[in-house]
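A, B, C and D label the chains in the order they appear, each numbered from 1.
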Amino acid sequence: MALLEVRNLTTYYETKIGYNEALQGLSFDLEAGGILGLIGESGCGKSTAGFSMMNMIEYPGKIMDGEVILDGKDLIKMDRNELRKVLWKDIAMIPQSAMNALNPAYKVGKQILEAIKLHFPEMSQEEAVAKVEHLLNLVGIDAKWYHGYPHKLSGGMKQRIIIAMALSCDPKVIISDEATTGLDVLIEAQILALLKKIALDRGLGLIIISHDLNMVTAICNRIGIMYAGMLVELTTTENVLRNPKHPYTRALFSSQIDSKDFDKKVTSVDGVVPKLVNPEDKCRFYDRCNRKFEMCERKCPSLISISDNHRVACYLEGDNHE
Amino acid sequence: MKKFNDNLKLFFSNKLGLIGTVILVGFILVAIFAPQIAPYDPYQRIGVPFGKPSMQNWLGTNDVGQDILSEVIYGTRISLLMGLLSAGVALIIGTIVGLTSGFFGGRIDTVLMRAVDISLVIPMLPLMILLAAFLGPSFWNIVIVIGILSWASPARVIRSQVLTIKNKGYIEAVKATGGKSSYIITKHILPPTLSIIISQLILMSSRAILMESSLSFLGLGDPTQKSWGIILYYAQSRSAFLSDAWIWWILPPGLLITLLVISFAYIGNSLEQIVNPRLRR
Amino acid sequence: MKFIVGEDIVLMSSEEKAEVLEKHGLNKPVFEQYLNYIGSILKGDLGYSYRSQKPVTDIVSERLPWTLLLSITNIILSTIIGVAMGTWAAWNRGKKIDIVLNNIFVFFRSMPSFWIGMIFIAVFGARLGWFPIFGAQSVWAGYMGFEKIVDIAMHLIMPTITLVILSVSSIYLTMRYSMIDVLGEDYILMAKMKGLSDKKVRYTHAMRNALIPVVTIVMLNMGYMVGGATIIETVFSYPGMGRLLFEAVTNRDYPVIQGCFFMITICVIAANIIADFIYPLLDPRVV
Amino acid sequence: MNNRYLIEANNLKKTFDTKDGGILKNIKKSRLKVYAVDEVTFKLEPREIIGLIGESGCGKTTTAKILLKLLNVDEGELFYKGENITHFKNRELSEYRKKTQIVFQDPYEFLNPRMNILNIVTEPLLINKQLNSENVKIDKAVEVLESVGLNPAKSFLYRFTHELSGGQRQRVAIARALILRPDLIVADEPTSMLDVSVRAGILNLLLGLKDQYNLSMVFITHDLATAGYMCDRIAVMYKGRIVEIGPKKEIIYNPRHPYTKALVEVAFDLKNFLENKDSFIKDGEVDSYEQNDYCSFEKRCVMMDANCKHDGHHKMQQVGENHFVACCKCEH
């Protein structure tokens, strides 16, 4: 059984003119020790996906449907009190702009300690402090920073602190939502290396939400490509690199610069992402697709398996013809 | 133009803004048509002193036998006018200071902002009392005193708006194309600041009305002009609160001040929500 | 220094004039007068009242405690009420309770404070007789000990409530905006994700950061509150600095006016210094 | 007057006080002079694109602003077509500014949201008093909008920036920069805010315009792959200094400076970097902007040893054709 099973997760946002269907039917499994990348452009619903998995969607957002099953328990069905016990203990998140995720008024050590004491009330003060110091060392921060305030830390250090915080209650799954965006490339790479190492050492399930194809392909072993609120392709990194199927995935790769041959022209995808408020029931990539045919306009294709470990939402592939 | 209509819609979608506007329009009408509306000339003795409300004098008469209702109606004129004028003076100074300070920055900014801080921290009312007493009671003196002592907070708001705009990329772009300071101020900085200036003008008016009434109440206003504050001053000095007279002598002017200030506050707040999207949540 | 003597001197006879000038040291050159003035302030000497001929230092120090009592009670109460209500409204932003609170405080802000005082006197003083309407204590009753404290408290209630109504709104509004701002911060989201209860998020994580602008506003409003005290002391004939200043202004008693301003300035500066000590306790970024 | 180089930057230096602002705040309370740009020297030929690459705070944007004369240098000289423009003022300066334009990172910031596209695009003409009539204005706007691929141009004229997509906005910004027919365009991370699928279009547009209008470009980026695609030459900056400069193929296929090596690895073989990061760079970041006289990269360099600490080692030395490196460990 998979560590985390996400089934048909659907989240809408209320607007004045109807629901914005920001996330539609997200389904995937995550094994222990697996690193899954969710990749897509702005507005594709990847951040909504992250928060929905934590059941942390707030008004005007609403989880309409779906299950997030962690250890046999469905997070979506839990009430706030049950959920509070599971959050951070079993599933933790490194949010976007970790720069601002530390409370400026408290020492960083205290903020990590707070989570530990909340979820392990039986742990003694000394043990908890020792654990925080151990975590700081683990992420490459001197334990003396326990008593430092966030404004004294650089961006990269804050990022490391947040990673330590995410690890503090030994969760089984960590979601990283654009966690390194905005950092300098070398710092970003160093932090990714750290994250990957920890995930592999501890056998965590890691979900990396990002817009950076280069980064995701280097760190993840499975990748889900999202477009306009839907998963359009879900497969191994190998397959994404060698054998991408969905026209959008292919387009993404043809817009990447080829390091071997800089004279090879990159191409862009014309058109814009469709409006997700009351969308038409056609393939959401229809307007920008260069291989569309009449079937695509009738109904939005669903994600189907075309081979082992390769699922695509496109009528051109497999038996996706109804 | 479309944007203007959108904003108008946004403004009126805020019910309080609409209520405020209706009340204010009402007050303005009363102020303009005071001679037509008021039953008597408020400066004329028409009855016995300290008269109780009656069919002739709905709100009774004051200590010298003038009709209180007429006084209150004429008071609208003075209070409204004085509020707007004082706020105007404050805004002229505040805009100049805010624009210079925000746009030019550096040492000028430091000096001006220090002045703003000081005038925000010093106790305003005692200073006003002093100035008003020194200049002597007259309509224009009160306007000037309130105006020159309340420029600081609009100056600060305007400066921060100017600063935000000044740091926008497009200002740098204009500089890179060779645009001069005068061009940048008139074309790029003033237009988006104008709406803030107007909303500040309205908020300052409401404060100025309160200050005017306070000064008048202390006997520092122009005793020949019947503003609401002056009416209350006479009510206080004749100890109206010790008898039933407070109901018709003290209550009405105060309620009207409150109502007028609230209408300004509602309008100002809903304007601010349009002007300052940060507040639009 | 010369101009400040005012017009009164014009009305005096020449002998009187010489005497007055001599007494106040006004017959010396302006610069020397100024030096003398600074020197005597440093010695704690604020000169003599034109009117009562008593030393200004005595007059002021007699009135100061009452103003301090009124202002400090007001600041404490306004801050507690403003912060509590502001937090409550921000947490329930957009709901009915938020709208009701907003309107109540806008209403408070829009009422002329002296008028509220007059209504209080008329209703709770003159009509119902619950509270005394005049002064800070019943001087002639000769109360002692506990009775005296109760008496002073009874005299304090109406002026304080009036003053709180005047000053609470800006604290409430600042707290509400600041709280709303803070609640939108990423570290609040983080705290929620960590599994903390709403109460803990609100009081440990949000409140402390939201209080920072409130300290600034209380500090900035200190002058405003003292100003408000001036007028309310006049309404309630409360024997504080504000009333003293008002009397001095109407009497053109310039040494007293100077003395009052001097004291008020000292108080405002002191309040600012206190605020500077509070800042680092709330915000470690300020050192 | 005719000179081989369009721009020559000679030993540019610019310092800022550290009195306030960001990371610098924590160094010391005393007023420390911080080199935002230190001894920056390079030449730019006509029709050439040079890439400035480095992390945030490395001085690449400051360099660009100096080139545009938006900032004055403390030391050093700047030549435009052989003419010394370091101390240009007023008339001369506005003549120079017509010839140099900038495209910013965030097109939404760069375009005044209250102006329609027509006014945004033609504003440079208005400022430089080259607008005679409304017809000329519209004609010029249409022409330039078409050249940046906004078709049909007429349909865009009266729209506002918030009605456009990110890619379209950046095209408008480019059109505005082009309308005065400049010789030099400084592009400050023009694609970093855009989605990947849109980015390619902007990059190709800029390359096309370079050929069409004989432009030179200073292309600022933090992404080596983009620099490789766009530029003829690349200058790698670190802590205000250029640490390596050379033709792009030299930089990318034969990097010599340890910092460049790490950047190349991250951009083109991230997987390998993640596994062996310690052989490329030491943990830690730019913690201080204090400059020494031997090597800016001291703290993070894996090759650092006692021999490095000799004054003057930060000077550039040639390691190949047009390829210069500021590292004493790099022999030819």
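We adopt the following convention: a contact is a pair of C-beta atoms (placed from the backbone, for glycine too) under 8 Å apart; a residue touches a chain by one contact, two chains touch by 3 or more.
Remember, it's a predicted structure, so these values are computed and weren't measured experimentally.
In summary, the chains found to touch both subunit C and subunit D are A, B.
Looking at A-C alongside B-D, one finds more C-beta pairs in contact between the chains of A-C. When each chain is reduced to the average of its Cα atoms, C sits farthest from subunit D.
Inter-chain spacing, taken between the CA centroids of subunit A and subunit B, is 53 Å. Distance between chain centres (mean CA atoms), subunit A to subunit D: 32 Å. Judged by the touch criterion defined above, the protein chains form a single closed ring in which each chain touches exactly two others.
Contacting chain pairs (ordered by label): A-C, A-D, B-C, B-D. Only residues 120-126, 128-130, 133, 206, 210, 213-214, 217-219, 229, 232, 235-236, 240-243, 246, 250-251, 253-254, 257-259, 261-262, 265-266, 269, 279, 281 of subunit B touch subunit C when the two sit together in their complex.
The residues of subunit B lying in touch with subunit D in their complex are 3, 168-170, 172-179, 183, 188, 191-192.
Residues 68, 70, 93-94, 97-98, 100-102, 104, 106, 109-112, 114, 123-124, 127-128, 160, 176, 180 of subunit D are the ones touching subunit B in the complex.
Interface residues of subunit C, counted against subunit A in their complex, comprise 185-187, 189-197, 205, 208-209, 282-285.
For subunit C in complex with subunit B, the touching residues are 93, 106-107, 109-116, 118-119, 121-122, 125-126, 177, 180, 219-220, 222-224, 226-228, 230-231, 234-235, 242, 245-246, 249-250, 252, 257, 260-261, 264-265, 268, 272.
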